[in-house]
Amino acid sequence: MAVTEVVEIEGHIVDSLILAKVMDIILAAGADYEVVDVHIGKTNTDVSRARLEVSADDDATLDALLVELQAHGANRVAQQQHAEVVEADSAGVLPAGFYSTTNLPTAVRLAGHWTPVENPEMDCGLVVLGDGRVRTVPVHRVQAGDRVVIGTGGIRVTPPARPRGASPFEFMSSEVSSEKPKSHIVAEVAARIRLAREAGAKVLVVAGPAVVHTGAGPCLARLVRDGWVDVLFAGNGFAAHDIESNVMGTSLGVPVEGGTSAEGGHANHLRVINEVRRHGSIAAAVDAGYVTGGVMFECVRRQVPFVLGGSVRDDGPLPDVYANVVEAADAMRALLPGVGLALMLASTLHAIATGNCLSSGVETFVVDINQAVVTKLADRGSHQALGVVTDVGPFVSALSEQLSSAART
Amino acid sequence: MAVTEVVEIEGHIVDSLILAKVMDIILAAGADYEVVDVHIGKTNTDVSRARLEVSADDDATLDALLVELQAHGANRVAQQQHAEVVEADSAGVLPAGFYSTTNLPTAVRLAGHWTPVENPEMDCGLVVLGDGRVRTVPVHRVQAGDRVVIGTGGIRVTPPARPRGASPFEFMSSEVSSEKPKSHIVAEVAARIRLAREAGAKVLVVAGPAVVHTGAGPCLARLVRDGWVDVLFAGNGFAAHDIESNVMGTSLGVPVEGGTSAEGGHANHLRVINEVRRHGSIAAAVDAGYVTGGVMFECVRRQVPFVLGGSVRDDGPLPDVYANVVEAADAMRALLPGVGLALMLASTLHAIATGNCLSSGVETFVVDINQAVVTKLADRGSHQALGVVTDVGPFVSALSEQLSSAART
Amino acid sequence: MAVTEVVEIEGHIVDSLILAKVMDIILAAGADYEVVDVHIGKTNTDVSRARLEVSADDDATLDALLVELQAHGANRVAQQQHAEVVEADSAGVLPAGFYSTTNLPTAVRLAGHWTPVENPEMDCGLVVLGDGRVRTVPVHRVQAGDRVVIGTGGIRVTPPARPRGASPFEFMSSEVSSEKPKSHIVAEVAARIRLAREAGAKVLVVAGPAVVHTGAGPCLARLVRDGWVDVLFAGNGFAAHDIESNVMGTSLGVPVEGGTSAEGGHANHLRVINEVRRHGSIAAAVDAGYVTGGVMFECVRRQVPFVLGGSVRDDGPLPDVYANVVEAADAMRALLPGVGLALMLASTLHAIATGNCLSSGVETFVVDINQAVVTKLADRGSHQALGVVTDVGPFVSALSEQLSSAART
Amino acid sequence: MAVTEVVEIEGHIVDSLILAKVMDIILAAGADYEVVDVHIGKTNTDVSRARLEVSADDDATLDALLVELQAHGANRVAQQQHAEVVEADSAGVLPAGFYSTTNLPTAVRLAGHWTPVENPEMDCGLVVLGDGRVRTVPVHRVQAGDRVVIGTGGIRVTPPARPRGASPFEFMSSEVSSEKPKSHIVAEVAARIRLAREAGAKVLVVAGPAVVHTGAGPCLARLVRDGWVDVLFAGNGFAAHDIESNVMGTSLGVPVEGGTSAEGGHANHLRVINEVRRHGSIAAAVDAGYVTGGVMFECVRRQVPFVLGGSVRDDGPLPDVYANVVEAADAMRALLPGVGLALMLASTLHAIATGNCLSSGVETFVVDINQAVVTKLADRGSHQALGVVTDVGPFVSALSEQLSSAART
C-alpha cells in the first residue's frame, strides 16, 4: 500500500524546468505523482505554482525522495512543524541526520516563523546562532555545542529562477560549443560584467596558469588595473607564471612574447618563486621593485584581495600561498559576500573549489578549451553558469578590449 | 639460423629521427640490427648516412620488415636489380604484389637508371608510362594493360628531411598545445605563407563549416580577396553556410554577427542551397547577384579554383558539389601540382582526404579546437605537418590581420 | 502596435520540456507570450495542452517565429485553411517558399482533412502524390511537376514525446558522461534492443573503423551472426579494416590480437581492397573463400542488408561502396522503414548522415570516446538520442556478452 | 665573434632521441653546432657517444644554452672543476644561482670525485650533507646553513635510456590512442607490473574519483587485497566516494551497481565523511565495522600505506587527509623510495603531484579517457611514461582479471 505526501513548488517552474525536473526525479525513483493543482503564470514575469501528490511503495523510499525533491525546491506542504535542532557533541563533526544544504535560497522554521539562511552554500550543515540567525557551516568548522538543524522538517528551499531579461544563458544549455561565434559571447559577458558592477556587485575572477601560457596575462592585468576585477582566486602556478612572465619574459620557460618557440629556462619559475620567498611576500617583492607588472602586481597595487590556494603539485610554493587547503577555502569564503558574477578562466581545481562555495544566484562564466572541463564546471553548483568552449587567450584579450574603453574609475 | 640484409639511409637521419625510427621498427618486429657504418654530418646542413645489417629469424619476417623500412627511406644496398613490372589485367585492379607507395620522393630503377616518380602520393600503385616516366596511380584509375611495378626491388625512397631554417615545426612534436601562446604561431604561419608565395608555391586552404559558424568567414573571404589563397577544398556544408551567412546573415540558423543568440532559421541553409540549385552553379548565383560576398563569392570573382567534395550527410547538395567522391578526389589531385603549403581549418573529412593526396614535402598546418582531430591529422601523411589546438575563429581572424597589410597583387 | 497569433501545443509538454522550449524561443526572438489556457495532465501518462498568445512587433518577426515554433510542435490554432501546394518547375529544385520539414510526426491539411506525412525526415520538402498521400522528398529528388507544399499554413507538427517507462534516457541530458559506470548502460542498451526486437522493430548499426581498431570487430560480428543486427551502415574504412583484420590479422597495419605493438603492413588495407575489387564484390569474395569471418562476412552470410557510403578520403574503394554519395543516402533511406533503434558506434560521418534521415521516433544510442562527437550527434536529429562517452571496444564487447545468451533465431 | 664550448653525451643517444633533441635545442636557441666526433654503438645494447662543439654569439646565450643542454644529459667536457657550494642564509630560500635539478640521474663533483645524487627529483636544489652525500631538497625544506650547489660547474647528468626489451612504450610516442585495441595494453601493463614485482620494486597507484564513479572500485580493491599495490596516493574525493560506495552503495549519489540511473543521495558523500570524522580516522572506522569493503578498507587491512593529499575543493575533509599540501607532498616523497612502477588512474591533480616527485627511472602508466590529460601527464616528468586514452572503468576491471589469477602472496 502506497504512502503519499503532497509537495509544492513555486516560482518560474515551467521555464526554469523545475517542474519537469521534479516529475523526472519522482519517476526515476520508482515513485509516482498526481498533479493536485497547477497554476501557470500568465506572462514570463508571473510566477507559477504546482502541487503534486507523490506516492511511493514505502516510507523509506518516500523519505529519501522528499530529501531529493527539496534540494530542487519542492517543499512538503504539510510542514508547519518547526525545524529540529540538536547540539553538536564534538568539534568538526555534524550530528547524525544533519540537514545537508544546497546552494539555493533556504529558510528554516524556528519559533513559529521562517528564518532565511544567511549564506547559502552547498554541502554544509545549518547552524542556529544564539541570536536566532541561521548560517551554513562547513563540517570542519562545527564547534561542540553548535545548534545544528537535523532532518528536513521545517526547511523550505526556493527553486532557482531563470536569469531575467536578455541573457547569454541559452535555454536548457549551459554551454556554448566551440562551433559558435565567440565575438557575441565576449560582448555579452562584457555587458553582464557592466550590469553586475552597476548593480553594485563584485566581480570575481578565478584564473588558471593557461591564462599566462596563452599570452593573455597582460590583458587580465589590464582588467585588474582598469578596476574590473574585485577579487582574484588562483593557485601557486598562476601566480608563479604571471610573475615569471613579467620578471623573466617566459611562462614555464616558453617565451611569452614573440621570438622563437625555443625551449629554455625550464627553471625560471622556480627561481622566481625562490626570490619571492626571499622577499617574504608578493607585496614585498612588488614594493622592492622585483615584480614590476602583471596580474599579481596590479592586484597588489590596486589592493584587489586575492587568495592563492595551495595544491599538492605546487613548487615552492610562493609565500602568499595557503599551504593549508582548509584555510584556503575559508579565506575564499570570506571574500565571497557581495560577489555577483564569477569568471572562471582555464582553471579546473580552483574553479571547482569556488563553485562549491558560491550561492546559486551568482552568475558564472566558465571559459576553457576543453569541453569536458566546461561541462563539469558549468553543470555544478550555480544554476546560472554558462560554459564557453574556446581558447582562453583570445577570449581574455577580446574581453579586455571590450571593457577597456569603459574603464571604471 | 638468421637471415640478413644490409639497408642504407641517407639524409638528415639523426635530427629528423629517421635513424632512431628505423632502429625502432627493426626491434619492434622482433628482428635485430648491427651498425655496419655510420657517418654523421658535421653541421646541420650536412647529410648523414648509415648502413645497418638487419637480421631476422626467417625470410618472411625479413621481407615484411624490409617493406616497412623502405617506407621510411631505408633502402636495401644490394638492389642493383631492376624494378619488376607487370601488366594489369583488368581495370581498377592492381596486379598482385603491387608496390604500395608512400608520399616520400621515390625513384624506380628501369633500364639501368633511376627514374623519379613524378607525383608522390601514398597508397597508390606505380605505373610506368610508355615514354618511361613513372607516376603514382590510385587503384581505381588503373587501366588494363597498365605496366605496374610489383615487389620492392629496384625502388628507392628518400627519407623525409626536417624543415630548414627557423621553423614553427617543433622538435619531435607536430602539435602546439592549447596552453601555448597562439600569437607567435599565427605570425609564424603568416611568415611561412609569405615564404611559400615568394618561392612561387601555391597555398591551399581546406575549410570546414566551423570557420563560418565561428564567425571567421569574412576573414577567410578577405584572405581570398587579397590573393593569399590559390586553391580551396571544402564540402557542401562549408559552402552552404558561407553562402547562407552572406545571403541570410545566419549560419545553421544562428546569426553570425551580433544580435541575440536566438535560435531561428533552421531551414535557411536548405533555402540557400535550393536557390543556388535553381541558378545552376555558385558562379551563376554570383553573376545573378544572389550571392554578393563571402568565401565562395571571392573564389568565383578571383577565379580561385575550388573543389567541393560531396559526403553522404549533405543536404541538397549545392550544384557545384561532386556527388561522386572518387571524381572529387581526382579533381583535388588535379589541383595539387604546385601547392607548397596547406592550411587545414576546422576540417576533418576533407583535411584527411587532402592529406591522403599530398606529397610529403608540402608544409601543412592543421588548426582545430579538438586535440584528437589535430593529432589524427598532423600524424598522417605529411612529415611537415604542424597541428595547432585552438579556436579556429580567432585564429583565422588574426591570420587575416597579419597578412592583410601585405596583400599580394 | 503588436501583432498576435495563438499557438497550441499538446502532448507531454511539461516533462518533455516542449512548453519551456517554446516559451524560450518566443522570448529569445524578442517577442512575448501570454498564457491563454493550460491543462496539465494529472499523471505522467496523461497528455497536457497549452495555448499561448504570441505577440511580436511586426508581421515579419511573427511569421519567422511561427515557423520556428511549429518546428517544435506549436501549431497555429487558427489554421483551418488548407495547405498551399504548387508545382515544382524544374527537377532538383523546390519551389520558393517550400515548407522545410522537421523529423517530427507531421500532418498536412488537404481537401478538408489532415493527411499524415508518411516518412518524416528533416530538411526535405513535402510532396503531395497523385493519390493524396504526402511524402518527404529530399531536394535532389524533386521532379518537375511534383506538387510541393509551400508556406506553413495547413501543417500540423506533433511535439516529440518523452520515452515511456524505465528508460536509459536521462532527464534533460542526452549524454552519459565518461565518469559514470558503463555496466548499467550496456545492460540498459541491451534491454532496449530486446524490447525493440520484441516490438517487431529493426535494429540498425552504424559503425566506424575504430570498432575494428579497438578490437571489437569479432564482438560486432557475433552480434550480426546471432541475429541482433538488421541493417548496417558504414563506410569504406570500416569494411576494409574489418576484412583486413580477418584476412591479414591487422587493422591499419596494427595487429588486432596480441603480439607486439609493432608497426607493419601499412599497405595491408590497400591489398585487401584490391583483392576484393578483383572478386567484384564483398559477397563474391566471401563466396570465393577470400573472406572467411568478420562483420561483413556475417552480413553476407545472414543476408543482412548494408550500405557502404563513399567518402572523399577513401582508398580504393571497395566495389560495394557507393561512390555517389547522393545515391548512398538514398540507399540508406530505402532501408530505414521499420527501423526502431539505431546504435552508432564510433562513427561520425555516417552517424550524422543516418541521423539526418531518421524520424524522431527512432531510439538512438551514440557511443564514442570523444565527448564532442557524442554531443554533436546526440543533439541532432532524434529526440530520443542518448550519447555514451566511452571506449567503443569494451562497450561492444560487453554488449555482445549481454545479448549473446539470448540469441535470436 | 662566436664563443664555443664542447659538450658530450653518452648512452642510447640515437634510439632515445637524445642526440637529435640536443641538436634541436642548439638550433632553436639561435646557436650552432659542429660534430666533433661520434661513436654509434654497434648493437642496440651498446652505448653511443657524441661530442658537439656548440657556438653562440655571446656568453650569455651560450651559458643559458649549456644549462638547457645539461638538463638533457649533455655535459660540458671541460669541467674538471668542482661544484660550487654556498650556504643558504635563510630557511625555505635557496641561494641565488642555485642549481635546479632534473629528475635524471645526476652526479656532483666534490673533493675530486663524482658523488651521485641520492634521490633525483625535478625542480629542487642540491644539498651537500655533512658526510658528503648529496640529496635533492625542495625549496621549502632548505634550512639556513644548508650547503647548496650553485651554477652548473661540476655537475653531470645522465641522459634517459630507452626502456629495454619488449616494451609497451612505443617509439617517439608516449601515448596509446583511443583507436587502438586495449586488450594488449592491459596485458602488457599486467606483465610490466609482474616484472616490477619480480625485480623487487614497489607498485604505486594514484587514483582519482572516476575509478569509483565508473564502477571499478571493487576491481581496484581486489588488486589491493591480492597484494599488487604497495603504495596508494589519492585525494579526499577518491577515498570519500570509495567509502560512500561501500557504505551507501552510491558514488556521488549515483548507484554504483545496477538499478536505475536515478539521481539521489546527493548528500551521501558528506554523511560518510562526517561519520568517518566521528570515528577519527579511516582505520578507526574500519576497526569499528563502519567501513567493511573497498579500496581504503583493503589498504587498512593489508597495511598498504597511503597518502590522501588535500585540495581546496574538498568537502569535509576525511580525517586522514593532509590539509597541508606541503606536508602531503613530503608524505608522498617519504613513500617513493623503492617504487619502480606507477599506475595513474583517472587522476589529474595527484598524478601531476606524483610525477613531480618521481625520478626518471620509474615506469609510469597514465590512464584517462581525456586525451588532453593523458598528453599533459605522459609528457611530464618521467621519460618512461605511457599514456593510455581509454575509459578507466573497463581498464581497471580487465587489469584486475589479468592479475587475479596470479595473486602474489
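As written, the chain order gives the labels A, B, C and D, with residue 1 at the start of each chain.
The rule is simple: contacts are C-beta pairs under 8 Å (C-beta built on N, C-alpha and C of every residue); 3 or more make two chains touch, one makes a residue touch a chain.
Keep in mind that what you see is a predicted model, and the values were worked out from it rather than measured.
Participant: Among all the other chains, which ones are in touch with both subunit C and subunit D?
Facilitator: Intersection of subunit C and subunit D contact lists gives A, B.
Participant: If every chain is reduced to the average of its C-alpha atoms, which one ends up farthest from subunit D?
Facilitator: Greatest centre separation from subunit D goes to chain C.
Participant: Can you check which chain pair, A-C or B-C, has more C-beta pairs in contact?
Facilitator: By the number of C-beta pairs in contact, the winner is B-C.
Participant: Measure off the straight-line distance from the CA centroid of subunit A to the CA centroid of subunit C, and report it in whole Å.
Facilitator: Computed value for the inter-centroid distance: 38 Å.
Participant: Between subunit B and subunit C, what's the gap in Å when you average each chain's C-alpha atoms?
Facilitator: 32
Participant: For subunit A, jot down the residues that touch at least 2 other chains.
Facilitator: Within subunit A, residues 25, 28, 178, 260-261, 370, 372 contact more than one other chain.
Participant: Where on subunit D is subunit C touching in the complex?
Facilitator: So the residues of subunit D touching subunit C come out as 166, 168, 170, 178-184, 187-188, 209-210, 213-215, 251, 254, 256-261, 369-370, 389-391, 393-394, 398.
Participant: Quick one: which bits of subunit C touch subunit A in the complex? Just the residue numbers, please.
Facilitator: 14-17, 19-21, 23-25, 27-28, 32-35, 38, 40-44, 50, 171-172, 177-178, 371-372, 375
Participant: Tell me, which parts of subunit C touch subunit B in their complex?
Facilitator: It is residues 25, 28-30, 64-65, 67-68, 71, 90, 92-94, 96, 98, 100, 123, 138-140, 260-267, 270-271, 273-275, 277-278, 309-317, 322-329, 332, 348-350, 352-353, 356, 370, 372 of subunit C that touch subunit B.
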